[in-house]
């Protein structure tokens, strides 16, 4: 399957990073664990399994010792995301960010806690507690959601296998069993370079939202051309959006970026349905907060929000989120899961034709 | 100038109300006072004047005695809107909603307070205080913003002239001097009927936001075709969006609708710029709060948020807001203001051609 | 150990319910599972164990089918509470509320999810997902926090053993290993009857917050008299406060009550320390939300917020929260945990003397 | 009238600044304009007048050019405060902070806008807009509230007369006609020095809140001793709390301080009544934001929130706010206003006796 740009389109006006991925932000790593097992009739607790988890690491040091400035934004709060209260209060993230399926958040949060405990023997003792950050989508149309099949070894493997470089998209990790406008979706990513490459903004999406008829691709009403083919009766879906940048933004400034992720989402057509947990997590890799600072105050390089500068970030976020979602859509292959339920890949050739018809390529 | 639909397009999937205006919500009235005076060089305090105010009345009774359930939502808070803290706390609005220019909010809030005092002799005495609700955009590119030319008689006239029926759009009231993607904009409105006409959702926008290159009309990248013609150097702009419905929604449910106004806005292309005060005010006409209830509890008809029901409201909001903005854009005529500054009307013929080119009509 | 009132004091001005407990709100049930095992040197993962969990059930029906209106409020967000995003969005709670220790939130959320799955075979299928509600305090001064000893059978037992009637306080359930102003604390509860018994407000606290010198008991600076005795070096603590009422309050109104829990907390002396996760969860038992309503709208009895009526709720909340905290303090017995760490019971006789000295009894 | 400490009490544990006033924060200035005119029967619009305004200047430079980092916090939003949306979004304040009476907010916001326009000829033109910051209490029990007697010259005089040094308290400026637990109240201030004088935290309160029976002074239930004497039927009241510090705190950190102002308020006994607009505005004098920064990034000294450091700020805020409120109470003299309505000064001798009785001195 191709990424969106391979269809000959150029979304947005800003240049991408070299990989057009969240890993274009220096130091950011992504790891997936993909769980595909069994087929046929659902036996809750046993399978079939079409799920997984995805880990995003803001840097490859010890995140608990060297936390990153961060923010969260809730567009529609019908979801089970973990860690948001502390991120709001402290303006920082201190663990890898894990994405998984809806009913697995408890187990994944526990596994992530255990991972942090392993590497930080003073957590729970002299170093206080640790706050796992977890997001989710509901992959129960294809997978045995009730089985909660993502266990500690999967979480640890996703973290430990995380790497920079190109990011696998589509039916991988937390996107293994998820949809996108009633097509198959999954993981997608994109990036933008701004200020002549001085800073990078990256986005990664775990898609599961939207009704077919709503789908817009670069503004074209694509969904309306696919109303009759392969239309599954999927349950309400969600989306997790993760933003990364190497600009030294405060949590307030990161919150402003996170709000703009909703604009990128809106451009793909959804109205953020009632049952859709639409969340954004944003972090910077360069404004860090040591767990134990040496001094009460210290010098930091800060972004000044001068004039139009932050608008460039806003545009980068909107473009990267829109493209990350569409990359998830394009890169996902048709998948059949429990009870023969199938989420079809969007027909790429027809999509390309329609984009030409609508003068988008 | 035509409304958007007169170009032969059909935005969205839901039917409009009879007027395709916020006044399709029974009882809602709109009044404008338009101030156009002088031309040529700016003499701060004297003119030229291209401003005004717009009053939206949720019902034609005494709003202080019979408050309406309401909510506000701030997308980007770079603005001077008045009354939001109390609306959040109490979940209700108790005055007409006034829109005006940025530096005039103080005067208009005072005039609105005076209006409420006139009709309610017990305010400030036995009946407590009153909270004026005011929104604004910056029309200083055309108008003598520093002159703050909207005075008490204008505010009172806008309220007293408010009426149901068709709503004047474009260069009227609070939209007299405002823009829209660096074209002339102003006031626009639209509506949707849902559940076979059982309920109506209406939107009214005071537009002033966006950069030309961002403009999307029904998904088509229209702005990029107008990059060289009549491009003014306008200051950062804003948008006020007012939502009305006759469904009995709580303030929490109205907040959910207000969030979706941002999705309608996003579809027109803006990324919600740093200097853009992007605010939403939402109210229902049917779930009211008497100033002095007879009893501690009372029976009320409530919307149950069953299944997909609220998604229909969400779609109605997104569609109505998008169309209201585009109506403001289409209905506004070219206007020249202070120092010869001109905001040009979008060339309607070329817009129509482009919409055809992009297969949107 | 005595409850506060047994010292001969009468906190506040409003009358209590018959049990002076959250279970005075008809239908509310509380269940504890207390885990005490081992002593001596800490062996992380093995013990000693001084922890547990506490379940609060808003009613004894199926909470997923028959959700209760609810709200949350975060005073200081340094905590790992689960479920808050969805409660804010939907204004309702659909599971028992579980309290436990900080690093156990993942496991308890998972166990609570499993409990709901057991009783609702359509969750994860036709009925969508379920959102577990969990709060926590850090009991690591006494207990093997890293061991995360609260497992699924404990959670299920706490729910299934929950009952109306008198509530065990002090070193029980989620309060087994927690402190209170560097004394031993734990679980405390209280209630108020208002409007001549028409409505009840109940509070339950899991205490762990505060520095000794800050402690105020009914306004008297008690803590300053205990600065030299048995002063442990406890880590930063937190507090979970749960409010219940049988008045038909909307989630907005319940949020207003939740804010006042902070006033009750403040009266006990803490300044809400950096590391203190200070959270409030509030629900009503009488304004319910069926999972599948029959109709799009329905008649509901609502509280009108007339005049001073809601102030009576506010006072009830402040009084009940203050007294619940002080009941936790008074009812907790000295406990020695890992590494010989000891949290001492407040010396009750001296406390009584001091309350007399300060003319509080 | 004496300040609280002159009664021989020592509130809190932290040392005060030299003046025990918000002006102990270097550079902060306060100015009052007090309007007292007429007596006898209320003639709305004419008088009697017992009102005024108070200006707090974060520094004596051009606040528009050199904005200060800031935050707001709403405890109970039943109020008409202006400017909050923009402070939340931008994390800064760009005008003097004005306090006045409830129905005068519009006029005062307009006058403050005009003041900024006078000194900044590019506002409304190349420099964008300006956001006035205004707070209020309802002084209508004594004053002709409907008359809105605070006009532009008063606002400008309050700003221009602002000075460092000792701050007038009690019946001055915005506190001229306001109450405090149904006694006369008004303006009060206090400060704390922390980290051996490295930083200062100052508080200024405009009091008007509380019911007599709730009043606590340093924890003693003072109000209950004054239930029969001079008890007026005052309308619901509010409180504005302004916090200043010279520590380089971000807006997120300032928000955390602002939340703690509520703890200081709670210690004086109120439950934050329905009709009480209880708001906090916090700023730092040392982390500034130039209107036009030279560069996209710049080095700034930041507070690291290391360990317990921020708790010292929290304690300073709680103590300073509590003492500021009590200073307003103690320093206010009995005042008779419209219709012979009288707010009595708290009987200082009896207060002193009661504080001794309750062992607070």
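First chain written, first letter: the chains are A, B, C and D, and each begins at residue 1.
By definition in this document, contacts are C-beta pairs under 8 Å (C-beta built on N, C-alpha and C of every residue); 3 or more make two chains touch, one makes a residue touch a chain.
Bear in mind that the values here come from a model prediction, so they are computed numbers and not experimental data.
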Number of steps on the shortest touching-chain route linking subunit A and subunit C: 1
Per Cα centroids, the chain farthest from subunit B: C
Euclidean distance of C-alpha centroids - subunit A vs subunit B, Å: 34
Rounded Å distance between subunit B and subunit D, as computed from the means of their C-alpha atoms: 34
Subunit A-subunit D separation of Cα centroids, rounded to whole Å: 44
Shared-contact residues (touching 2 or more other chains) in subunit B: 76, 89-90, 256, 305
Contacting residues of subunit B [partner subunit A, same complex]: 13, 75-76, 213, 216, 218-221, 256, 259-260, 262-263, 266-267, 270-274, 305, 308, 310-311, 314-315, 317-318, 357-359
Subunit A to subunit C touching residues, read off their complex: 44, 74, 76-86, 88-90, 102-103, 105-114, 117, 121, 123-126, 128-132, 138, 140, 145-146, 148, 235-236, 275, 277, 279
Interface residues, subunit B side, partner subunit C - complex: 89-91, 195, 198, 248, 250-252, 256, 289-290, 292-293, 295-307, 309
